[in-house]
Amino acid sequence: MNSFLEKLFAAHQDCSECPSPRAVQDFFSELLGLLFPEFTVKKIEQKAEVEAELDRLEQVLASLLIRNPHLHSGEGKALARDFFQKLEVIFDLINQDIDAMYSGDPAAKSRTEIIRSYPGFFAIAAYRIAHGLHGLGIQLIPRIITEFAHSRTGIDIHPGASIGHHFCIDHGTGVVIGETTIIGNHVKIYQGVTLGALSVKKEDADSKRHPTIGDSVVIYAGATILGGQTHIGENSVVGGNVWLTKSIPPKSKIYYQSRMHEEATGVTDTYIFKK
Amino acid sequence: MNSFLEKLFAAHQDCSECPSPRAVQDFFSELLGLLFPEFTVKKIEQKAEVEAELDRLEQVLASLLIRNPHLHSGEGKALARDFFQKLEVIFDLINQDIDAMYSGDPAAKSRTEIIRSYPGFFAIAAYRIAHGLHGLGIQLIPRIITEFAHSRTGIDIHPGASIGHHFCIDHGTGVVIGETTIIGNHVKIYQGVTLGALSVKKEDADSKRHPTIGDSVVIYAGATILGGQTHIGENSVVGGNVWLTKSIPPKSKIYYQSRMHEEATGVTDTYIFKK
Amino acid sequence: MNSFLEKLFAAHQDCSECPSPRAVQDFFSELLGLLFPEFTVKKIEQKAEVEAELDRLEQVLASLLIRNPHLHSGEGKALARDFFQKLEVIFDLINQDIDAMYSGDPAAKSRTEIIRSYPGFFAIAAYRIAHGLHGLGIQLIPRIITEFAHSRTGIDIHPGASIGHHFCIDHGTGVVIGETTIIGNHVKIYQGVTLGALSVKKEDADSKRHPTIGDSVVIYAGATILGGQTHIGENSVVGGNVWLTKSIPPKSKIYYQSRMHEEATGVTDTYIFKK
Amino acid sequence: MNSFLEKLFAAHQDCSECPSPRAVQDFFSELLGLLFPEFTVKKIEQKAEVEAELDRLEQVLASLLIRNPHLHSGEGKALARDFFQKLEVIFDLINQDIDAMYSGDPAAKSRTEIIRSYPGFFAIAAYRIAHGLHGLGIQLIPRIITEFAHSRTGIDIHPGASIGHHFCIDHGTGVVIGETTIIGNHVKIYQGVTLGALSVKKEDADSKRHPTIGDSVVIYAGATILGGQTHIGENSVVGGNVWLTKSIPPKSKIYYQSRMHEEATGVTDTYIFKK
Amino acid sequence: MNSFLEKLFAAHQDCSECPSPRAVQDFFSELLGLLFPEFTVKKIEQKAEVEAELDRLEQVLASLLIRNPHLHSGEGKALARDFFQKLEVIFDLINQDIDAMYSGDPAAKSRTEIIRSYPGFFAIAAYRIAHGLHGLGIQLIPRIITEFAHSRTGIDIHPGASIGHHFCIDHGTGVVIGETTIIGNHVKIYQGVTLGALSVKKEDADSKRHPTIGDSVVIYAGATILGGQTHIGENSVVGGNVWLTKSIPPKSKIYYQSRMHEEATGVTDTYIFKK
Amino acid sequence: MNSFLEKLFAAHQDCSECPSPRAVQDFFSELLGLLFPEFTVKKIEQKAEVEAELDRLEQVLASLLIRNPHLHSGEGKALARDFFQKLEVIFDLINQDIDAMYSGDPAAKSRTEIIRSYPGFFAIAAYRIAHGLHGLGIQLIPRIITEFAHSRTGIDIHPGASIGHHFCIDHGTGVVIGETTIIGNHVKIYQGVTLGALSVKKEDADSKRHPTIGDSVVIYAGATILGGQTHIGENSVVGGNVWLTKSIPPKSKIYYQSRMHEEATGVTDTYIFKK
């Protein structure tokens, strides 16, 4: 058992303690609470507080980055400033996502309901913030943010994915969106949708491994779309449980059609492809 | 960036702080702990305490409702009383659900194991309580309760759904049951099952958009059943990954049959429909 | 309502308060933090501490077991000793799992990223520890550990399952691995994969109800493999969303092929079976 | 060591777990937060909430009393109702105490400063509430409340003491006010004042053992006044560190006078007693 | 009871929620942890982190000040900057206090023991920080900091007091140091010492009401020194329980001398005043 | 400001993070809860648990000691074993202290009230445990335990003091008992009593600096007894606020007598010394 003790001791010596997932989650939670007071424990009451809180959170992020110089190539303070300068754009994008979720779900009674009780909102907000950090070349921290959302919602979006405005995820459990996915505007996806890779070889790490989804595409529950060369043309509809590894042109509708005749002994299940 | 500060400040002014998801979760957790002492931090030791605790929780709910008059049309105290008067019925229903989960899972070693470690139990108990509140016309609060369970279990049941007795969910991650779903008695469903809508238009909010499942139906993992006019007849079995948007008569068995011949170059995968 | 009060009071009298899920989770979290300092709140600084911490956690487990004599047939102290004697083996297995996850995912930038942000890591580590306890005949405690991981990751592995070395789960939400599953070495599975039972009759509790997966098999997202007699031969690939209740020989590739011709009015979706 | 194990086991079997000091402190803290929103975590926003919160806290108290029938002779629900019916009187008294503390301390800048940062406020508020419970014959619970305040402030007031309106304690660390003390209106005392007993014999438990302080008396830091027959006449001033076991008439001033003459080689320090 | 509900509702409407004592304590605790890592939960590992943490805490303070504009006349950001510019001076002063406590207590085994387990250290550090904020004209916040320390240590130092370097408090419970006290360098005081006011009239709020203590004075346990015109000359020693309301010249020793003769029937207790 | 950053960085590099006061307090709290279930969160239900818990806590202590080798000269495991072997003696002593507190306070209604709400109990229990550790040559850890109790109760007992059985502290705020104090059996002391040193020179660290108190002595509130050569003879009574730096023989009664004659213009306050 001696070697076991040695191994454990070595592991503890080697372990860089940072970034603590807890510290990252706290930063994310406080930022989310500033942007969406439905999540805050500290509602703002003076106009000047808004800027003060933004400044404070910028310092929190700077502190986190400086603590972990191995996670980025830039200078912590400058990176934090850069992130906060693009925060308004991120905020506007998340609000457009809320609009998309509200108008697309008959069960939603109010915007507040979306913010307070929709896992899709939480996961997309986490992604938008993580993506902003990822875009500055910061490693691991954005991943911890999206994984925090994954753990809470079952929705797994890689911070490297590129997603247009008015994005909507309904229910969402089981959604996976890979690192090199490109998603257009006004796209809507349902629970269990995978936008994944065909290749999982380490040497393909730098290539585009995940699909491209055009504007205004709807992808129903359980559909799987794989491969970096797979393009779903704009305005297409991908039916539930469909499995796709090839591109489809714009305005395609691809789904299972269950034809059931009274006399039938068997029901043929087919994809119907309409242009 | 000035307009950004204005926007954030306005958001904080507009934000009604209530109901805080935390307050709702606390109410739910305390109630669950009273009904199922496996969850309590305060085991009851005097007979008279049971009534005192019910009274206390009734006041907690009344307090929550009075705090949020925009969420209901009735009078808070009266609504709370109404809810607690039907609590015994809810309790009995959850116990029948436990019976169904216990007798339907060979891996379950005891009722205690169901209560302590089955996500299906947690999600159904949350639904039963939330549904009771929803039936009194209370908004958002039931939704926060079911979303709390969704986040913990990956099982997403809308409080508006109508579900008969002896309901059983096994494993459950990814289950979605929509707002206007009607489920009969003795139904069992597995992980990844969606009972969803075909239409997601806002103007259809008041119509029946989700399916009706007859008594004693079993729906296997990953099956998707969509549409307000889709009826699954009683005693039917819906196989795994099946995709259904049309009704099927009672006692149907609808599943994939994988026929594999040694000489086959391809295996046709078909639904076999048997009456 | 009188009988309701009686029922609740009786439930509280009957409820054995232990093992509290909280106590079990604390044990698991502290053990995980000792094995993987990325999770610890108490990094080890003296070599002699490693052994002291192992001793301490052994006593924590012993204490938990002695508190709950109905959960095992052995003697608490001895069982705890047995578990800690095989802990090194468990540790080595988890490290091999990390290796498998790292080399199999182009998006993974470091081993630390796996440990800190991959749900697959968390779920497998929980399973390996729970399986060690389960192998000593301890009930409920291992189940609470795997359900804790299930709740955090959406990955549901029964502690009774038997899983070889270099196991890899990617994304993972919705994965279900049943009690009598046997999985070989170097197996990789994706989100939404079910390794389940065909029979859910209580009287089959003692039989093998879940499939056997050979070495080096890959199972893609959403695939469902059912039945105790279903063997997936070594080096096979099971495609996404495939539904299998029959065995397949080694080196099989079974998947959907979407053929799309410009002139086609329908696309036949078939399994292609290649030996 | 065997007998030690037996002793500890017996202690755990005999220990009535209630009332948990934690539960009592929570009740007190929530009540204080309702009366003085400076302490609340849940500011009231609807008028109807006030009554709902009072009702809820009445049930919390009822629940606590019913849980511990050995601590009172009455019926839990009725006692809780009685307490809440006199709560307004208690509230008014505490507000008069605040007035007294504010007008008596030049350093106090606002009533809010008194409530937020004066230990005297906290200790007196705890005493007033505990005294109300004590007056209903409830045991131990009021004691836990005053001891909670003692631990936070260093001010130890027995809930059985009788204290008039406009009571003021400044600084307060080390103040002790015994069980049978009677204090008039407009009394002010400083840190380190003891109003104690001469006799500490168990058989004197039912007699008056602590002093009586008349209206408008001021008692300076460190003074000690002992004995059930010791009366401090109204409008008297008791100087710092004075030690008194006999009564003094109204309008007495009893203090140390330090006479220092330039030529003196020694300063005689005497009590000067003036009628 | 109606008017009671009205009163409570009004109280909740009037209550400015800020500054929450909790937010102030958190700021103080984090700052203390940065200055004295013995208190931190986040030990610094990169040199650049020190500055980042100082920046971050400056923003935390700015945020707190901006949130509460009624507590200061300046501009929040500028005040926060001013405070952090004098922080080094404060830090050096606290370190000199530690030196004084270490060299003055034979029981102290190390500087670490002072920092980790001496209430005097905690109270003085809180005072030094609070005094820095008080000097910038900030209200209430410094008071909450010193009261936090008072509650933990029983030592009550008003942030307005002026205290020289190398200050030492031993044990400390019951110490009170009033708002206009002036204390020289190298002063040492023991538990229960009061440096208080003779006048407690509101109209004297702006005058000097508390004593002046010269350099290198020692004041033993329980001594009480009162009045704004009372000067304790440098290098004096004030004995335990001494009560002083007049000035004494430098190098005085004023104490009780207990003369006990074998034949004495009584012991006269006198102050002996030596120049 | 550069040098300030350097200083802070150096402080963080030098700071040995251990023993964390938190870890020490947790050990103490768990041990206290095992000895006195009134404090536990984990009531023991199986006889065999008692031993298991003792074993577990022994490992916790061993772990703490091994983590901090600079705090003791022995071997961590062996020291922990030694401590737990004398725990029964400590337990018996604390129970005798409870007996003394119960029989000496007419206001005490039960032993449970002593344990749950008497600061004297808490401080003495902490001292007894700390003294046991101190006796094994362990540094700092016992000091953190007694300081934890000091912070909660205002009672400051150095772990090095030697205190006989049936010790009683009433109220207690402000009590100070120095490192080399020796207290006999059946001693009772009140709030504000100091048993202190005359010399505070570092070079006297190894000499006896604090008084010796004989059996069955009672010391009333605010008395101060100083000096290593000061012996209070057995069965003596030391009155409130008395200041003593000389020894007194057995059966002495030393107190202030306030003689008040109607005709008196002044009251001479004297010590009356009776043998």
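Observations on the model:
Each chain gets a letter, A, B, C, D, E and F, in the order it is written, and its residues are counted from 1.
Following the convention adopted for this analysis, contacts are C-beta pairs under 8 Å (C-beta built on N, C-alpha and C of every residue); 3 or more make two chains touch, one makes a residue touch a chain.
Please read all numbers here as calculations on a predicted model, not as lab measurements.
Any chain touching subunit C that also touches subunit F would appear here, but none does. Between the contact lists of subunit B and subunit E, the overlap consists of A, D.
With centres taken as mean Cα positions, subunit E sits 57 Å from subunit C. Centroid to centroid, with C-alpha atoms defining each point, subunit D and subunit F lie 25 Å apart.
Shared interface positions of subunit E, defined as residues touching 2 or more other chains, are 17, 44-45, 51, 154, 173-174, 192, 222, 241.
Contact between chains, as defined at the top, is found for A-B, A-C, A-E, B-C, B-D, C-F, D-E, D-F, E-F. By the touch criterion stated above, subunit A contacts subunit C in their complex at residues 1, 3-5, 7-9, 11-12, 15-17, 21, 139-140, 143-144, 147, 150-151, 154, 156, 158, 160, 173-176, 178-179, 192, 194, 196-197, 199-205, 209, 222, 224, 226, 241, 243-246, 248, 254, 269-273.
Contact residues on subunit D toward subunit B in their complex (touch as defined above): 17-18, 23, 42, 44-46, 48-49, 51-53, 55-56, 58-60, 62-63, 66-67, 69, 76-77. Within the complex formed with subunit B, the subunit A residues making contact are 34-38, 40, 43-45, 47, 50-51, 54, 85, 87-88, 91, 103-107, 109-110, 112-113, 116-119, 152-154, 170-171, 173-174, 190-192, 221-222, 239-241, 256, 258, 260, 264-269.
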